[in-house]
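Naming follows writing order (A, B and C), and every chain is counted from residue 1.
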Amino acid sequence: MKSLSTRRRHPLAAFVVLALALAFAGTLFAAFLSPSSASADSGTSNAQAIANGKALYETSCSSCHGQNAEGSSYGPSLVGSGAAAVDFQVSTGRMPAQQPGAQIQKKAVLYTQEQIDEMAAYIDSLGGGPAVPDSSKYQVDDNLVQLGGVLFRTTCSQCHNFAGEGGALTDGKYAPSLTQTNPKAIYEAMLTGPQNMPNFPDSVISPMEKQAIISYIVTMRDEPNYGGAGLGRLGPTSEGLFIWTFGLIALLLFAVWIAAHTTKASAERVAKAKAATGAKGGKE
Amino acid sequence: MSGDMTHDEGHGSVAVEQEHGHGVVAENPFADPGLPEHQPRLTDIDEKVARKSERIVAGLFILSAIATIAFMVCYTEVPNNTATIVNFFPIGAISASNFALGLTLGVALFSMGAGAIYWARTLMTDVELPQERHLLESAPADKAAAAAEFQQGLEDSAWKQRPLIRRTLIGAMAVLPLPALWILRDLGPLPGTTQRQTAWTAGELIINDNSISLDGTQGSGIKPEDLQVGTLVSASPAAVLTAGDNAVDMMTMSAILLVRMNPADIKSQQEIDWGYEGIVAFSKICTHVGCPVQLYEQQTHHMLCPCHQSTFDLSDNGRVVFGPAARSLPQLPITVNADGYLVAKAGFDQPVGPSFWERG
Amino acid sequence: MSTSTSNEEIVPTTLGGKASDYLDQRLGIAGAAKKNLRKIFPDHWSFMLGEICLYSFIILLLSGIFLTLFFTPSMGEVTYNGSYTPLDGIKMSEAYASTLNISFDVRGGLLMRQIHHWAALVFVMGIMVHMLRIFFTGAFRKPRELNWLIGFTLFVLALLEGFAGYSLPDDLLSGTGLRIMQGIILSIPIVGTYLSYFFFGGLFPGHVLIPRLFTVHILLVPGIILALITAHLILVFYQKHTQWAGPGRTNENVVGLPLMPVYMAKAGGFFFVVFGFIALLGGLVSINPIWDYGPYVPTQITAGSQPDFYIGFFEGALRMMPNWEINAWGHTLSLNILIPAVVVPGILFTGLAVYPFFEAWVTGDKREHHILDRPRNMPTRTAIGVAGIVFYGIGWINGGNDLVATHFNLSVETITWVDRVLIFVGPVFAFWLTRRICFGLQRRDRDKVLHGRESGIITRSPEGQFSEIHTPLPQGDLHKLTAHDVHRPLTLTEVTDSNGVPAPKLRLAKLRARATRWYFGERVEKPTEEEYRHAVSSGHH
């Protein structure tokens, strides 16, 4: 027994055991209980994907978009929207929408990429439409940044602002910020024109031009604010707000410091000083 | 008497004799008690504290000098390029050179000022002193003397005796500044009819702005099948590709937008006729004060201008539905040429852009 | 130790003494030095606001000179190939390219640009705050009306100067502002198109605008501003600064600290503090990052296009104006632009400029005033000022209505409509509320004089009644709180003469009587000495 107690447990031992137990349980859960496992393992064929997608569609989408994606008063027809549109809307969490309306908010994503691909395959099977771009189309190319900037300012900045911070549209709608959007979603948005955004098919903005725009957006959002704190990259409004709050208060505080009455010595200190000079005088 | 005004002051500060009886108050309780006696600061009475103040002031000046030298060192030693970044919370990544130079310069100046102020507040005299003001108005004698001098000067000039001189002088002086205005005539050309003209004529090819090369000399046309319902294209006349120095001015007047709508959504027959299979072209220049209108909402068909929020309904002749613009957006009639490209069918039927006096 | 009489020659021994003597022998400066070296200035933080303007102007001059050494005021097109790669190979004006050059290829260039722009914002902000201080304390009254007019002119020039300055780099954002200005000029009746073509050398944007703005910005306007600031300061010096009422302070003196050494140190120190603060901003907070905006192309634009804050009011006014336009007899009158950009600012600015004369007419006060008013003691003036601030502020906020919309999840249309109503209702409400607050504060002062300050100490009388002890105010405070004038409305003495003929200028006199009744009809009287004695003798609570 003594040998056991000589190998005292490390104080963190309990936590290590707990972590291991959780990991084990989690793995079991993932292996046997998570919904995606069934289709992930099975190496689906296209027909299988469409069938799965149809099932997902009927559960989550048909109440607004119609039993056969023909549309209803709550949502437009998806026939001909294409896989890219589905991929964009669902992978950014916009769909399934909380409520019908002109502005659909981004929110938590409810499906795995697997499931999104299946829904996309289903919608694509109904009427074709723009396909999901392959990753080479939205890679950042440093040589295209300059062209991308010109194109961005010609076509995008009027809604999304010069730094992609977003902007107001009519009746409470808005063009969202692009500073966190992933490149694939940007490509798909240009291609499919989600909600009130106009669409820009490849005949109007070529794939190379789209890639240039994406290269510019990603490069700019990673770019440091050379001059200092960026104040939100919203332009002179935030600069004015800053100077009238922080700047004015600081300057007024300096002025108050300069002109304020200096602290006077307390009565005891004055008396002490008088006594000290009196004593000195006495000494002389 | 004319409607005269009397002014009643009611400023009661007349001295009053002391009251008898209980609750005595000094005469004139609101009178000015005079400057309060000076109360010393610690630095006035305690040499140790004063020396500490001196050291603080000196320290601030020394800090300033150090920061000044640091500025000059940073100028040469901190590389000034877009790659040299410093990153700190909460500001994030910023230019190292700008940060270093700004910080050192700021500290150098600020501590110089802080030292001077601290010196003034703690060690310089803080005894408040009065100084008399003199009434600004001059004494009557001086005013009379000045007037007399002026009168003498006037008499010496023969101004009063020679009225002809006065009148002709005033006349000549009145016109003398006019050449200063005249020579400004060549600041610019007269407007003539140029404010009404754009580069659009029948058959002019429509160029996709996104296709224009960086040097501005090449660009490609647009075919109807390039656009789907909901597509927006910013476009210019082909003439800008060969306009050289005038390209920018031309683009400013002639910029257009193409959108494709479902013809069933278009409310005006003229708009359908001036379009091509649901593709319509409108001037891009806001009729309010001239910003490019470009925020297109494909479901509402509204075109919003980001400057002052004028909103135009592109499905209804570009009519203004909100905002300060008073005129609808002019539409450009378009058609397709022999090669299948979209071209203008004619020029605009009205001046584009902001209104002006002669517009009518 | 020699004592010199007034007529003996003084032989200077120190370097400073020798230098002063050299100058005196040629300029006779000793008299001026004698009078002014120990000039007294009163001490209060609110007296330092004008200094903020002065110092930021000096900073603008210094940093501006640096910028002119590197900036090219030309709209000629060049292809950029400097250090900022996202714009490499892009065509742009030389003005924009040289600004990029200053920002990325000149050491300290970005710092100087940012110091210059922050100083410009501080300059205009300082002018506004300083002007409001002068207004609310009545420092514009005789003999300072001229200085008010000079200051007002400086304010207008500062606005023009700032607008011209931030338009020089020819970037997308400021170019949009120039386009708007051109649209406004076009709307001017009769001469609009001519003015626009003369100003821009033809169509917009043309090729001459930036060089012309450059001349205006570095030569014409700064020259006028410098001359006016000099006149402004000479007047302050000569007429002496105003001061607050208080013990020892009268309308016939100035109480404070001497120029040498105290104000030299404090004012000089404040200059370095303001400069240092702006330099720190230049190093730590980004302003006007023109490389993000891109070069100006008239067919491009960004969402959230706003001007610098001091143009915000005009921007907001343009946005909220209904789209009224009159087309008649082949001509167009653009009320939707003229009213917010020309008529309303014209009325506002004219009102601001002539206010001292209007108030003098209302009060009939022809005396010199060197003691400041506490804002509460002039309730109508204060309320007018607050109403003006509210009016201006709502216009300003509406200038950013799209940013307000996106940040607070509202619609631009709703905000515009709310502001259209508020800009009328708000100032009226603010006027009423401010007057009530002023009267309340005046009554409180009155109570303090008569009954003293609440001490927080509760006593109980033998009968069992609780009451709070009030400490009486010291004499200095009693004086300060009763030193002001309580104005009364002017009365109309004679309306008609003995024959029943109405007096000339009667309408104007009646209007004046009504105005003074509006100003002073309701007022709080100062406590009289009898009331004070009565309050003291009847025992403190």
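Just so we're on the same page, a contact is a pair of C-beta atoms (placed from the backbone, for glycine too) under 8 Å apart; a residue touches a chain by one contact, two chains touch by 3 or more.
Just so you know, these numbers come straight off a predicted model, no measurement behind them.
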From chain B, which chain is the farthest off, judged by mean CA positions? A
By C-beta contact count, B-C versus A-B, the higher one is B-C
When the centre of a chain is set as the mean of its C-alpha atoms, what distance in Å lies between chain A and chain C? 42
Please tell me the distance, in whole Å, between the geometric centres of chain A and chain B computed from their C-alpha atoms. 34
Separation of chain B from chain C, taking each centre as the mean of its C-alpha atoms, in whole Å: 16
Per-residue overlap in chain A, given as positions that touch at least 2 other chains: 146, 150, 154, 158-159, 167-168, 170-171, 173, 175, 225-230, 258
Which residues belonging to chain C are in contact with no fewer than two other chains? 43, 85, 89-90, 104, 110, 114, 266, 269-270, 273-274, 277, 281-284, 286, 297, 299-305, 401-402, 412-413
What residues in chain B touch two or more of the other chains? 82, 91, 94-95, 98-99, 102, 117, 120-121, 126, 209, 214, 234, 292, 294-295, 306, 309, 322
Residues of chain A defined as touching chain C within the complex: 142, 145-146, 149-150, 153-154, 157-163, 165-168, 170-175, 216, 219-220, 223, 225-231, 233-237, 239-244, 247-248, 250-252, 254-256, 258-260
Report the residues of chain B in contact with chain C in the complex, numbered from low to high. 1-13, 16, 19, 21-23, 25, 28-36, 75, 80-82, 91, 94-95, 97-103, 105-117, 119-121, 124-133, 135-137, 184, 187-191, 194-195, 209, 214-216, 234, 236, 245, 248-249, 251-253, 255, 284, 288-292, 294-295, 306-310, 320, 322-327, 353-360
Listed in rising order, the residues of chain C that touch chain A in the complex are 43-49, 52, 85-90, 103-104, 110, 114, 118, 121-122, 125-126, 129, 172-173, 266, 269-270, 273-274, 277, 281-289, 291-294, 297, 299-309, 312, 400-403, 405-406, 409-414
Seen from chain B, its contact residues with chain A in the complex are 39-42, 44-46, 82, 85, 87, 90-95, 98-99, 102, 117, 120-122, 126, 208-210, 214, 222-223, 225-228, 230-234, 259, 292, 294-300, 302, 304, 306, 309, 311, 322
Mind pulling up the chain A residues that touch chain B in the complex? 102, 146-147, 150-151, 154-155, 158-159, 167-171, 173, 175, 193, 195-201, 203-205, 209, 224-230, 257-258, 262-265, 269-270, 273
